[in-house]
Amino acid sequence: MSDAVETDRRLLTVTDLRTTFSISAGDVQAVRGVSFALDRGRTLGIVGESGCGKTVLARSIMRLNLGSNVTTTGMAEFAGRDLLSLPMADMHEMWGMELAMVFQDPMTSLNPLVRVGRQVTEHLRQHLGVGRAEAARTAVDLLNEVRIPEPEARLKAYPHELSGGMRQRICIAIALACEPSLLFADEPTTALDVTVQHQILNLLGREQRERDMAMVLVTHDLGVVAGRTDDTLVMYAGMVVEQAPTESLFEEMRHPYSEALLRSLPRTSQASHTRLAAITGRPPDLIDPPSGCAFSPRCPYVQPRCREEVPPLSAVDDPDHRFACWTPVGSPEGMDAFARNVAEGLPQAVAVDLAAPSSAGRGGAG
Amino acid sequence: MPLFTRLCLGWLVAIVFGAIFADLIPGLQDPDYQGFLFGTSTTNEPPSLTHLLGTDNNSRDILARIVYGARVSLVVSMTAVVMGTVFGGFLGALTGFVRGKTDAVIMASVDVVLAFPGLVFLLMVVTLLGRRDLLVIAGVVGVLSIPPYTRVARATALAVSRREFVMAARAIGTRKRTILFREILPNCLPTLMAFALVNAAVIILLEGALAFLGLSVQPPTASWGNMVNAARVDLRINVWPVVWPSLALVFTVYSLNVVGDHIRRSKAVRSAAL
Amino acid sequence: MGTFIAKRLVRLIGTLLAVSFLTFLLVNLLPGDAINALIPIDAQQDREFVEQVREEWGLNDPMLVRYGRWLGDAVQGDFGDSIVTSRTVSSEITHRLPVTAELMLVTVGLSVMLAIPLGVMAAYREGTRLDQVISGIAQVFLSIPGFVAGLLFIYVFAMKLGWLPATGWNRLSNGLLDNLRTVILPALSLALIEIAVYTRVVRSDVMNTLQEDFVLSARAKGLSDRYILFRHCLRPSSLTLITVVGLNIGTLLGGTVVVEFLFAMPGLGKRLLDAIFQRDFMMVQGITVFIATIYVLVNTAVDLIYMLVDPRIRKAD
């Protein structure tokens, strides 16, 4: 994400995006100021727990938040136009043609009462005015591309007649049909078998490379972004807490939350029956966000300053690697804070210390 | 409760009040006034100070007849609701809980009765019984209301029987009878009540249609439906004797629907919050 | 699929038998009435004559035998003769059926054609003025019974404006336009309640469907709102609508009796009413069984259509 990249590769620039839902209980601030940039041909991973705002972020950029109680502010510049202030008629043209999204659950993303073939071709015909025969041919080509055997037969089928993996391939085919330049994949593999997840992610990667598309991969699983994304955003409670090229992120995690996420991934190198290192506590209430850093109640590195002042997202050595923390992992302040917390018996620090005494407090992939 | 819903509720309360205390209302004219017998004939008069809504083509005060007519609608609909909820509800809860042969037999009978279009069946039974007094009509309507309530109660009982607390009660050896009365029936009540509210409106319309066809209580007893039927002969000359009872009927049913919708919406919100 | 249909058919026949028997039972519970219809009261002094008539009409045989005889004739299409007119019940039914059938078809057709766009618009614009107006009007229509609506229309369109006839019926064979002139007011009177019911159902259903994920996917493809509403949302909602139309046929049948009475239409409903008043028990029996049969058949058809339209159910067995 270096600014030195040629600007004609720059596809999407998001600036201070904020989304709020007004419900009877109050205003839920789902996204609280997110900014990033994405170039053509690059993949951005957005990682975080459920409720951190990653899905809302993706949908906000695509203006897919239905409902009159949603407000989104900020800017999302795409190919020279601000998506957030475009009239709806223009968005209808963008959807499918320039922007596309693959959703989490392929079973519910397809209309159960409409044949697959029509669901693959209908937007093709509406956007490009393609005739029925030609659309059918394109559909077959698309299905071949996503490696679905016997495409002609599949097109006549209904969604429930296909397996989960095939349905998601269909959804991907649908998203790619009009050759968009930006693809959002919102937890595309969460609803699928583990064995199929790998194939789907590979498919997405391959399509992206072949079409020189930009892709945003939203997931709660750090393992999904490793090796498949160029850059990664870690989100917590509606804000970005760490932002870096993926390699740098894994080499040297600076934010305690990112480290906690990494730690919570079970690994085959661990002995069986090793206790899962879950992150204690729960995400904060977004109607009344706490003052200071939102992660403080659960952070093993927390210090009094964290609870009072929100740390800004900033870079230290590497300008491409930004994080928002007063006591970053691996820094002297961080190690200090951790040691102090363990000594004071702070539960989340003690838990981390017990689990992996060697790697704790020093960052890295352990 | 929004203002409009409150107004509708007020109308319903007024109707019930009027129906029950009709005889005590001061200044209310005699609904069965047999004017022509005494030589005074005030047929089809427009609204005036003595007759606030005018008179019908038999010199009877329309307002009084509407108030007394409310009695008929109220009695018939209440009978239907009570009999339906009590007998139909019990039967349905029983058969939904017990299942098996009892269920098959009861539901087959219910299906047969429900296979008849409501009004048609009602017509037949009422005619064949011959008598047309209020209690008979109410009774027949009541009995014929039992099957729909049975269906509703059975559906709820089926769902409730599968819930864990029922299985738990069974597991500790509670008698089936006790489970039925303590767990199943109370849980069927809310759905039955909701249905009853809708059903009351339908019954009032049904009695109105029956009376219009001349098969409910007989004149001179007033029922909104038979008032409309009697007055339609002179529709060209005088609209009002047709309009007032029609409005009474429509307002009452409308108010029931509005209040019912409101209750359903607020209950739905509460159960969603759970 | 086959076993399902077979089971359904068995249930169907069982219900029809039970229905016809119940009607038979009810109609014949008061044989006195039948006698009163056959012989005027003053002529009943002659006991022998009364007995003779009873024998002639088979009124002395046990109930089941009489039912069996009636049923045997009925399945061959012979519903007996009217006691009052001397025509056969089946001829009266065939003569009058087209009137009632047309009335019901026009009513349902009109109602569905109006309810779908109204319901869809109300759901699409949920919470807005438009939705409130549509839902409000539906609530009002729901409270207006056929005879009140009918009288209102007669007063306005027949008496005051003179555009349409208040009573009577022109057969289709006499010309389409004349026929429509006589069917429109009765159909509209019945349709008010139907429109209200259907609109509410469509609205509620489309509102639910709009929450589904596939609607969001469809939007993300860039499909127009109108396309999504009518080509994606209506399909699941049409299932509910079909079911409701089927379930409501019962109320509709009752409504036709009232409306045919009011508009003096020569249909089945009016004939039934006349037969009831005249104690014409053969006619009452025949028409009631016929109506109940149609009702049961319609419900079965609705079940089958439901199976056909929803491909998931088709495969599930």
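Which chain is which? They are A, B and C, in the order written, and residues in each are numbered from 1.
Operating definition for what follows: contacts are C-beta pairs under 8 Å (C-beta built on N, C-alpha and C of every residue); 3 or more make two chains touch, one makes a residue touch a chain.
Computed from a predicted model, the values in this text were never measured in an experiment.
S.K.: Touch graph across the chains, line, ring, star, complete or other?
M.R.: Contact map by chain: line.
S.K.: If you tally contacting C-beta pairs, which pair wins, B-C or A-C?
M.R.: Top pair by contacting C-beta pairs is B-C.
S.K.: Taking each chain's centre as the mean position of its Cα atoms, how many Å separate subunit A from subunit C?
M.R.: Computed value for the inter-centroid distance: 56 Å.
S.K.: Please report how many Å separate the Cα centroid of subunit B from that of subunit C, as a whole number.
M.R.: Chain centres of subunit B and subunit C, defined by C-alpha means, are spaced 22 Å apart.
S.K.: On subunit A, where are the residues touching two or more other chains?
M.R.: In subunit A, no residue touches at least two other chains, as defined above.
S.K.: Subunit C touches which residues of subunit B in the complex?
M.R.: 108, 111-120, 122-125, 127-128, 130, 201, 205-206, 208-209, 212-213, 225, 228-229, 232, 235-236, 239, 242, 246, 249-251, 253-254, 257-258, 261
S.K.: For subunit A, which residues count as touching subunit C in their complex?
M.R.: Interface residues on the subunit A side: 62, 64, 66, 68, 92-97, 99-101, 103, 105, 108-114, 122-123, 126-127, 158, 160-161, 171, 174-175, 178.
S.K.: Taking the touch rule as given, give the residues of subunit C at its contact with subunit B in the complex, in rising order.
M.R.: Counting only subunit C, the residues touching subunit B are 14-15, 18-19, 22-23, 26-27, 29-30, 33, 139-140, 142-148, 151-152, 154-155, 159, 249-255, 257-258, 261-262, 272-273, 276-277, 284, 288, 291-292, 295-296.
S.K.: For subunit C, which residues count as touching subunit A in their complex?
M.R.: Counting only subunit C, the residues touching subunit A are 127, 210, 212-214, 216-224, 227, 231-232, 235-236, 309-312, 315.
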